[in-house]
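The structures considered in this document are given below.
Two complexes come next, and they have one chain in common, subunit A, joined by subunit B in the first and subunit C in the second.
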Partner chain A sequence: MTTGFIASQSVTFLTALALVTTLGMLAFRNVNLLLRAYGAQSMLLGVAAAVISLSPGRHHVLPVALITIAVKGLWIPYYLQKVIANVRMKRELDPAVSYQVSVLCGVGLVLLSYAAVEPFAAIDGFAARGFGLALAIMQLGLWLMVGRRKAVTQAIGLLVVENGLLAAAISTGFGMPMVVELGLAFDLLVAVVIIGMLIIRIRTAFSSMDTEHLNRLRG
Partner chain B sequence: MKITSLTIASGLGPLLMVLAAPLVTGFIRKLKASLQNRPGAPVTQPYRDLLKFFNKEETVSETSSWVLRAVPYAVFGGTLAACMLVPVVTQNPAIGFAGDLIVLAYLLVLPRIFMALGGLDCGSAFGGMGSAREMMVSSIAEPALILALLTPAVAAKSTQAGEIVRAISANGWQSLSPGWALAFAALFLVALAECARVPVDNPATHLELTMIHEAMILEHSGKSLAVLEWGSWLKLTLFLTLLANMFFPYGLASEADAGSLIVSLALYAVKVGFLCIVIALVESSMAKLRLFRVPDFLGAAFALALLGLLAQGLVRIGL
Partner chain C sequence: MPIWTIFIAPVGAAILCAVRGGLPYLDAVSKIAASTSLAVCTALGTLVLLDGPVPHSGLYADYLSILVGGIISVVYAAAAFNSADYLAREGTGREARTMSHRFYFALLHTFAAALYLTVFTENMGVMWIAVEATTLSTAFLVGFYRNRHSLEAAWKYVILCSIAIAFAMFGTTVLYFASLKVAGVPTLGWLSFMANAGQMNDSLVKLAFLCAAIGYGAKAGLAPLHFWLPDAHSQAPSPVSAMLSGVLLPTAFYALLRFYAVAVKAIGPDYPCAVLTLFGLLSIAIAAPFIIAARDAKRMLAFSSVEHMGVISLCVAAGTPLGFFAAGLHMIGHALAKSMAFLSAGYLVEQAGTRKISRLAGSISAFPQAAIVFLLSTLALAGLPPFSIFASKFGMITSLAQAGKVKTAALAALLLAAVGAGLFRHAITIVFGTRPPSRKAAQHHAKPHTLPAGMLIWAAGFMLLMAMLGVFMPHWLYDLISWSHHSIAGQEVLWR
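Let's look at the complex of A and B:
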């Protein structure tokens, strides 16, 4: 491990805070709050990437950190907030899994992820911790997509999974190559715009954002 | 046990908390006022309130029993006893030999029971409602409180507050593990519920059907009210001290020389002041939850504390 002790400790800690925001997202009903938590999570991961970039030989991570903060921390929450203001949705009243059960299952998923990386802790503690946390964030993102019915919250779940991938990349591989990262950020932008338009389309077609309605479209 | 200057300095901690409790409340009120673009009362207003209450005559309902008169003293005494188990400016609690963090959690039960009994004692409709709600909130908050306090205890392998503080200080920044962050978040949510702050209760109102804490103290007046209010403020200060010193014990004095005591005192003031700012921001930006949503709120605190404890205690990858 070439990064200094303080750097690795603070990266692990920031990733852990990102995990805390993800657990919070499972408990939030208010979609605006959900988006703000997503923004905070992306900011934390962006700062973690910036800390990585400070250590010698890792300066290529800095643009990744800046892109993460600008796109995922600021622009995506802002854009989705405009979308939900457009469809006048404030909170999700009828999730597929109730909020309490959702949080408790989330705790189980986190412990499962920790247990999965435990064998690797002896080889590289920093990578194991980071990957455990990243795996937990990805699983919670998937769980968010499964447990909610509304298109916006499912979209946020997808974005959380992507953030988990970023967390895995910064703690195990010290960031992906610049090209991959740029491509990811651009893909994400396009995806969010399409999801935003899809949400508005679903809303105008069914006067609801419940993705269950799409089941009727089967041929 | 030898009486040293360190013992004396530790013993003065609870006294400091008692004296600073109205200031903490006044500071939060002032911050909230300035966030709402009001000038607000000066930060020393709670002291003036106490003085005013102490000079007023006390009225007690004829239908009430001794319980009502005992309530303020039980509340203040129980909370003060709990304060003695927390390190304030030195690494030792005032009477650390007498109990650990689990004793602290159970000492806080005494004020709660008496407060609820006092609410029921006069037979007023408001009081009974407040008591029922308080019992509901605290029955969910207590397990979360104990789990959150056990997380640093597991990390330090001791439930003695002094030992925990020394272990965390010795480990330095290595102690800032994810489990620690989860436990801190959980304890913060519990503190909001236990001290009747905004998402659970509204501390700024006397006349609202949804109130919890204020409903139980409606029947008190004069000196009783003063002692009772002071006890509640002390409880808030106690929780802020727990948050500040159990989770950020850096800089607490291990020796009783003037220099380290002053540094420690200044750091303590900064930590508590920062937590006050966070509480004021939360209270200004959130609406009070519906009563039946409070279990969800505390359930989240419980889940966070559970995860923190399990991650710290069971899974040995240092998370």
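Let's look at the complex of A and C:
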């Protein structure tokens, strides 16, 4: 690995912390807390990207890091908090999978992700650890969506999956080319706005945010 | 002619439609934009056919891009030409919804621009961004009616497609990493992936292809990841359904084909073909019972899309030039037949005020023209000759058998027969069945409704084209489809 030892260690450490916040999110009941955890997770990944950009020849990652911190760390949690205030929702009382079981299965998914990237450890240890963490974050995001019923929580699950992608891009050691990262950030921004609008419309049409009601289309 | 000229018309039209309203104005802008795009795409296609693939600062057009780009242009034109009629009919009796008309057209053109970007970019990252942009631009088109059903469809569509496609991005990142390990240059270009494919690490490429197959496969409507599809396609306004089904699915499959090309070059055809065979067979097998037991006409067509994507997937899984040719031909036939099926079904549904097959029965007496268009397009979808879908389905079975996958071929043929029978039965019910008594009374004195002239011309054109492709193939099209296989196999076209 050409990145210095300390740099690569701290990137792995920060990504691992992001994974810890994801595990925590599986246990959170309060939606505002979930959003804050998401914000913290994005910040951690943003800082990890900034550490990558310090090594020579990788300065193109710095704008990506700044955009991540600004958009995912600050603006998205703020915007979704406004949406939640709009639909008057505080906590998820009736998840599809209980919180304890959810966390337990989450740990299992983490182990599974590590098993999946096992073959790459020989190619590049740093990348293998990173891809393992990224895959774990993505799977936990997916699991969060499966386990909860409220539209907002499902949207947060989607955002966590997206953060997993960022972790994957970081763990290549180069980050993605600038154009791609900017496009990704823009897509995410639009997606969040659309999802926020859909949540408000669903609330108006169904007088509930429960996705249980979204089961009329069959057969 | 630079490739970026293809974006001028749809992007310009999206802006023009966003700033001003009025249905006649929107209609004129859309017609001009769609015709211009068709013309530009034809010009680009001619250029590529004559001079070979052109890379141009991040954009890239080879035979495969032109093939899918051509399909996009044709169906985009059909949707743009028929939207105003549809919205005008649909809006009568309600308050004028100028604002949402503007919204509708602006999103339609944005959608088209995103589709063009998907096929004409060389960068796999940008391709992913464009595919995600197609989801985002169509979210409110699916939820256009703002009732409970369409909101449910839009929610499922956005969430499921975004989540699935995240895995495609993970696959892209893994492939990027594999290429980085070989060449040391950070690039996501497809051409450099192809150049480095030979030395890439096998297990990395396998993981990348699997993730891409899950992500883009879900977006292409392959079972078992198709759950969003029947809802989205049945709830959207019919011209949008035509584009979602006829164009968006093949475009997502196109993205998967780019991965397929790299994977075949890196690890050989066995693994990618096995994955595609599995998805293909599952798609046909899962769609079959839903089509046979369908009660909703638009949902039936939506499940038929799942089946057809399965066919295309199996064609490619044969791994031979013949199979690939069948896949290309099938994309064309499906786009033509399905867009007409959705437009005519949309007309019938909206005139009768119901989607239920049993209540649509006997449409031929009240709406003879629409019923005949629906009948012919559904028969084409069922795979009856002389339409080209018959030829491509036959090509699929032949190529699978030639490739030694006899069991797969036999199973697929059986399932296709069942699907064809189901479609045939429902089409006959809708067109010639006994009308339900409630409608008999209401429409007893009404004279038969005729289709708008514009739509009739499009329908006739598409039908003729499909019938022609079933029996006769123009030389340039033959070259275009067979050379698409060269693009995917990373070969030069030899005659030049």
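The rule is short, and it goes like this: the second predicted complex is superposed on the first by the 215 of 219 C-alpha atoms of A that agree within 3 Å, B and C clash if a C-alpha of one lies under 4 Å from a C-alpha of the other, contacts with A are read in each partner's own complex, and residues count from 1 in each chain.
Here, contacts are C-beta pairs under 8 Å (C-beta built on N, C-alpha and C of every residue); 3 or more make two chains touch, one makes a residue touch a chain.
Note that this is a predicted model, so its numbers are computed, not measured.
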Legend entry - Partner chain(s) touched by A:Leu19 [first = subunit B, second = subunit C, both, neither]: first
Inset, instruction - Go through the superposed model and pick first if A:Ala127 touches only subunit B, second if only subunit C, both, or neither. - result: second
Inset, instruction - Using the superposition on chain A described above, determine whether A:Leu45 touches subunit B (first), subunit C (second), both, or neither. - result: neither
Legend entry - Touched partner set for A:Gln9, first subunit B, second subunit C, both or neither: first
Inset, instruction - Specify the partner with more touching residues on subunit A, choosing between subunit B and subunit C. - result: C
Inset, instruction - Identify the partner contact of A:Ala169: answer first if only subunit B is touched, second if only subunit C is, both if each is, neither if none is. - result: second
Inset, instruction - Based on the superposed arrangement, let me know which partner A:Val87 touches: subunit B (first), subunit C (second), both, or neither? - result: neither
Legend entry - Contacting residues of subunit A [partner subunit C, same complex]: 116, 119-120, 123-124, 127, 131, 134-135, 138, 142, 145, 151, 154-155, 157-158, 161-162, 164-165, 168-169, 172-177, 179-180, 183-184, 186-187, 190-191, 194-195, 198, 201-202, 205-206, 211, 213-217, 219
Legend entry - Contacting residues of subunit A [partner subunit B, same complex]: 6, 9, 12-13, 15-17, 19-20, 23-24, 27, 99-100, 103-104, 106-107, 110-111, 114-115, 117-118, 121, 125, 128-129, 132-133
Inset, instruction - Provide the residue numbers of subunit B that touch subunit A in the complex, in ascending order. - result: 173-174, 176-178, 181-182, 185, 295-296, 299-300, 303-304, 306-307, 310-311, 314-319
Legend entry - subunit A contact footprint on subunit C (complex, rising order): 58, 123, 125-126, 129, 132-133, 136, 139-140, 143, 146-149, 151-156, 158-159, 162-163, 166-167, 169-170, 173-174, 176-177, 180-181, 186-188, 201, 203-204, 207, 230-231, 234-235, 290, 293-296, 299
